[in-house]
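Below you'll find the structures, each written out as structure tokens.
The two complexes that follow have subunit A in common; it is paired with subunit B in the first and with subunit C in the second.
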Partner chain A sequence: MCSVQEEAIPQQLNQLTGKLQCVKCRRDVPVVVTRVNDAFCQDCFLVYAVHKFRSAIGKSKVIVPKEHVLVAYSGGPASSALLHFLQEGKKEGKLRFTVTVVHIDELALVSVSDKERQEKVQEVVEIVQQRGFPLLLTSLECAMDMVKPEAGESSQAPEMCKEVTSEKEVDALANPDKGDKLKKLLDSLPSISAKEEFIRVLRNQVLLGVARERGFTKVVVGDTATALSVRIMTDMAKGKGSQVSFDTTIGDKRYGDVMVVRPIRDLNMKEVEAYNRLQNVESISIPHIADQWHKSNSIEQLTAHFIHGLQENFPSTVPNIVRTSDKLGHQDIESLPEKCSLCESPLDTDVGEASALRAVEVCERLLQKDGASRSQSQAAQSSDCTQHDRVAADNMKASLCYGCRLTVKGLRDVSLLPTHVVQKSQSRCLSRDEMRAQISEFLLDDENGDTPNS
Partner chain B sequence: MAKRCRVCNGAAQIKRPKTGDIMCKECFYYAFEEEIHHTVLAGKLFTAGETVAIGASGGKDSTVLAHVMTVLNERHNYGLNLILLSVDEGITGYRDDSLETVKINQQEYGLPLKIVSYQELYGWTMDSIVQQIGLKNNCTYCGVFRRQALDRGAMLLKVDKIVTGHNADDIAETVIMNVLRGDIARLRRCTAVTTGTDGALPRCKPFKYTYEKDIVMYAFHKNLTYFSTECIYSPNAYRGFARAYIKDLERIQPSAIIDIIHSGESLCVKKDVRMPVQTTCSRCGYISSNELCKACVMLEGLNKGRPRLGIGKTHKERRLFNEELARQAAEAAATNCNETTTTTTTTTTFTNSKVCCGGKGACGSMGGSGQAPEMCGSNLQSKSESDCVGSVSPSGGGGVAECANSLKKVRIGVPTAKPNLLEF
Partner chain C sequence: MAVPITLEFSGGAELLFANQKKHSIELPGSQKWDVKSLLPWIRDNLLQERPELFMQGDTVRPGILVLVNDADWELMGELEYEIQPNDKIVFISTLHGG
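So, the complex of A and B:
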């Protein structure tokens, strides 16, 4: 996603080569210029990059020795570098945890033939096998239905993922039914911005789902500093300020049972690309639905463009933004705050009267002020079905965080959302209804027709 | 076919910029005003009987603010005494029209108007500053001085609060800018509807959730007289980037501005992050995170003919200046600590720090126009003040707050300041 211009580095190097030595060893010719404009020779740069990766894991102590972690691999440059770091660590016997790789196939969203789809997945399998790690395959559409089987019920639910033990086993993971459901949902989301956010949330859900199904408590992802700075700004732009800290910290604990770990967050995209070039690390270009979107329609791409532009002129941009997020905290997870039924982040909608959220509601209310009676009578005339839909939509909205409300805003039929999300939003209001039932005799309701005297 | 207002079903005249709703003018005015009323109520901005200064620049934001505040004060019986307060930077020709505009507003709303000048507050007009420093950095000066001018002017008027016309667009820009700059302290502060509650004169932003485009729409249809006061010099570069970014965002997501403000409001700062200690300027008493506030550093530079002081945080000259100051202060302290601080010096100093202290109602005697510039200028280094500065500067930033404390103690009339000072 991050389109850092390849030619930028050689250009700078031409200016540097011959004029300077490596800042580290003061001996060899520099080949890489890092973000602080330090010119490193090949050896020193590789040491620097590996050190950034290892010290992030070492210092943060987010992974305990002998732990078995799930590593997300998309095929892109960042996660390809991540796998290489892990492989090198393993070779040197310095990796104190074991790794299983997971790849999410997102090709259901792109019009490719089954054959092309299999070929792409095949490429992923080859790379992961080269690195010597076991691989689990899953697909984005899996997250359209992640209803947990009831305890005691025989596990009829289809598995979230499957192991790939030999190359031949790469038969289509595609689940056509769920794939269609996903496509239908995306088509119903009115904006690119909503689609991209939904896909991101869904991707997260798949990772969590696989981790939970297979008993992993850590998911390692390849977010670079560049990607994180884009994430931070995108979160801010999309009303997800409360999630900035979770989205960017080295150990994201918001889900409780599964932690998301970001060990290459101290390397920027240029550094990762330089690493890949010097180490001949292959990455795979897989067609993605986002390729078709123009940057002027996608908040994430617009933001990426904005930040890369700034970064060119002000090299401290990315570090500054990441530094901002490092100083941010989040809601207390221990207190078990209510979570968004879509993205599983703590709800950020319990705000006081003096807030942006209330200001928006007041604005809407003022518009309806005189029209309220009219719309009520309209509602009364309309069929029970639409009434039911409206209640469902209201319940759904109440169960979502500010950002996810934006995402599904304009979605006519909330039942298109993933089954487990719909269930969660219903169970939430069910429990409210239950509460109401329990205290019903104490609720004074004038409109209750069955008072003894009537 | 005539379009119908979505609220009252009457003939519609406008499409509201914020929501895209088709409305009649009256319904738009009402919605616009009542949203601001909600911000006032929800943020508990005022208490009946308070005197509130409206920062009036003659620009659209402050003109509409003066109008709406007058309307709401009557409609909802706020019980406020409203005053218009304008700042004259002393730029020949530049303010003439806008001050004229403010004077028209004054007549329309029947509000008292007070104009304070840079000359009065700092001893320098912007024209004389530009003469000395050239055109390059004058925006920095103007910005810093303008920020303080309103507070200083308001304190002259002995008001309880200031309201400014900062709108939702401004706040969203500031949020983005502070994320880009990694300025966590400002990031935390910038979404507050009232700032400066601790010590300084409270500043409120009733337009916090009001879109700029709505303000323009309101001013246009109400035929309010305003003057475009865009700074003639290029605005802050980063703010320009942030503004362009938000404009692009709005095209994709019309609610982007309010979304960003929501984001800003839901940020929380880690407990272990050290925030700059907000203290008061040791020279003028204005709220500051450094020993000297930026205006005083700049004035020092101007008065000493070294105008580059205070531009850029780590500028060599500023560092040298700080060292020089510390040395001077240490010398003064050395001679002073052994002497008995005379009551007269103490009183003079603290009267002065009272003047600009920012404490509500604490400022007593800021009368003559000559006094303020003197206080912020170079020559007021009364002994006990430098005494205080000198004793703490070796220990770094943390000491400044203590220094301010001991100042406070004296101010409220505790006579035991001397032993405190000697303990260092």
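So, the complex of A and C:
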């Protein structure tokens, strides 16, 4: 780790201590310091925060008037602030779109009793009803079985979410079977970084699934600038660099039919907490699986720690990272029809022969060969089974983006993955084979040696 | 003369203090208390687990927001702020995301 904290850092404190005036109105006593050295009084800060939220939506024009959007609410401080912004907008009659809130219950992963789980969901319901928005409830384990309904048979598919109409009707969409399946899958992922990444992808899948099922085209999420800057650096480290620009724009169009909107991406975590404090916005602390892993560090946790440490003394860290990623472009989505079966980002694996990805693959193959010759005797015993598994694994790998390949790397049995992911990779492979069969008579024979041998 | 103050932990920081958000305490002794001496006192007397998630060196861990009487502690002199009777000091963890 970089030794940021130990370095001598020029003290800026003296300028701030004892400041008696707000930088904006030059009248009231400041209570919050934001950006580099700007001390705001309570009123000016609230105006500033609301303005950032509203101008993000207004300037980007991603939400058209009268649209019905889905807002993701976890119970945490950022999405709680988001709901409060929306409620305030609605009160003033300035909100030009209608809102339905969705909450994903993730407690299946944490060992809590059913009663405790119910209570937490109840808390969420109360807050959302207080804000006056309709609520949909769903659970993370739904993502284990999200078969896309074919046209015409959509009515048979089990619903992914349900409406909460009265407070008494709350029983979470807990599904013990799927929950166990999900736990088993997570247990078989080798590293904590992979588990975290996988949960994040699943959460995203559930959001998209609910949006599609209910016919929403926009999903609004409460990603703060701080969260995004951690996301950007983590993505880079996890081989998801090609997705950085999608992950951070205000209107994320990578999924085609559903757009992810991030209206509070200009606010950092400190501003969100200060806003919640000043407005008495409640948030719920929900036990999270990552809490159980605190002893061993993941890429994401280390990155977060690093960025928080830098931000402490260099308050322009977070905006700098986010702005830099704003400048990154991405390929036109229409020109990239193939999507990763897991995260639905455009596939980044169709690259030339002389690329880093190919080099990594060659190295892996060489390592495997080496290992295989040593354990040949063991492999021979169960060759039938492993052969079949390997084909499935190879098909799966081919249908994933580089980042997701790394996430599921080390997973022994790919059939543990969510049903829709397995199906997608199979159908992709089938359509490839069909295509190959159709054009087979026009293909040149590979035996002629025109393919370079690595 | 003991100094009575209120401490509050939120945003996930309460998890380190047996899930209790509000603590009314009295700082013992007759010496003057500042935030710098308060932090180790909290660590030794109130903190239940994982001190590394609360403190780093002699200050709070980066990512924990400190408010003194509802104002950012950066405005109050951070560690040098001298604690007055009946002060309210709030620690908000911003590390949980949301």
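Everything that follows uses one rule, which is that the second predicted complex is superposed on the first by the 398 of 454 C-alpha atoms of A that agree within 3 Å, B and C clash if a C-alpha of one lies under 4 Å from a C-alpha of the other, contacts with A are read in each partner's own complex, and residues count from 1 in each chain.
Operating definition for what follows: contacts are C-beta pairs under 8 Å (C-beta built on N, C-alpha and C of every residue); 3 or more make two chains touch, one makes a residue touch a chain.
Small disclaimer: the values here were computed from a predicted structure and weren't measured.
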Joint occupancy of subunit A by subunit B and subunit C, clash or fit: fit
Partner chain(s) touched by A:V360 [first = subunit B, second = subunit C, both, neither]: first
Which of subunit B and subunit C A:R131 touches, first, second, both or neither: neither
First (subunit B), second (subunit C), both or neither touched by A:S298: first
Geometry of the superposed three-chain model: angle at subunit A (Cα centres of subunit B and subunit C, steps of 10 degrees): 90
Partner chain(s) touched by A:V32 [first = subunit B, second = subunit C, both, neither]: second
Which of subunit B and subunit C A:I232 touches, first, second, both or neither: first
First, second, both or neither for A:K181, with subunit B first and subunit C second: neither
Which superposed partner A:E312 touches (first subunit B, second subunit C, both, neither): second
Dominant toucher of subunit A (residue count), subunit B or subunit C: B
Shortest CA-CA distance between subunit B and subunit C [superposed frame, angstrom]: 16
Where subunit A meets both subunit C and subunit B, residue numbers: none
Subunit C-facing residues of subunit A, complex: 5, 13, 16-19, 29-33, 39, 74-80, 222, 226-227, 269-270, 272-274, 277-278, 283, 285, 288, 291, 294, 304-305, 308-309, 311-312
Residue ranges of subunit B in contact with subunit A within the complex: 6-9, 18-19, 21, 30-31, 34-35, 38-39, 41-44, 175-176, 178-184, 187, 193, 208-209, 241, 245, 248-249, 251-253, 255-256, 258-271, 273
Touching residues (chain side subunit A, partner subunit B) in the complex: 191-193, 232-233, 235-242, 244-245, 296-299, 302-303, 306, 310, 317, 319-321, 323-324, 327-331, 348, 351-360, 362-363, 366-367, 369-371, 402, 406
Subunit C residues touching subunit A - in the complex, by the definition given at the top: 11-12, 14-15, 50, 53, 56-57, 61-63, 65, 67, 70-72, 74-78, 80, 90, 92, 94-98
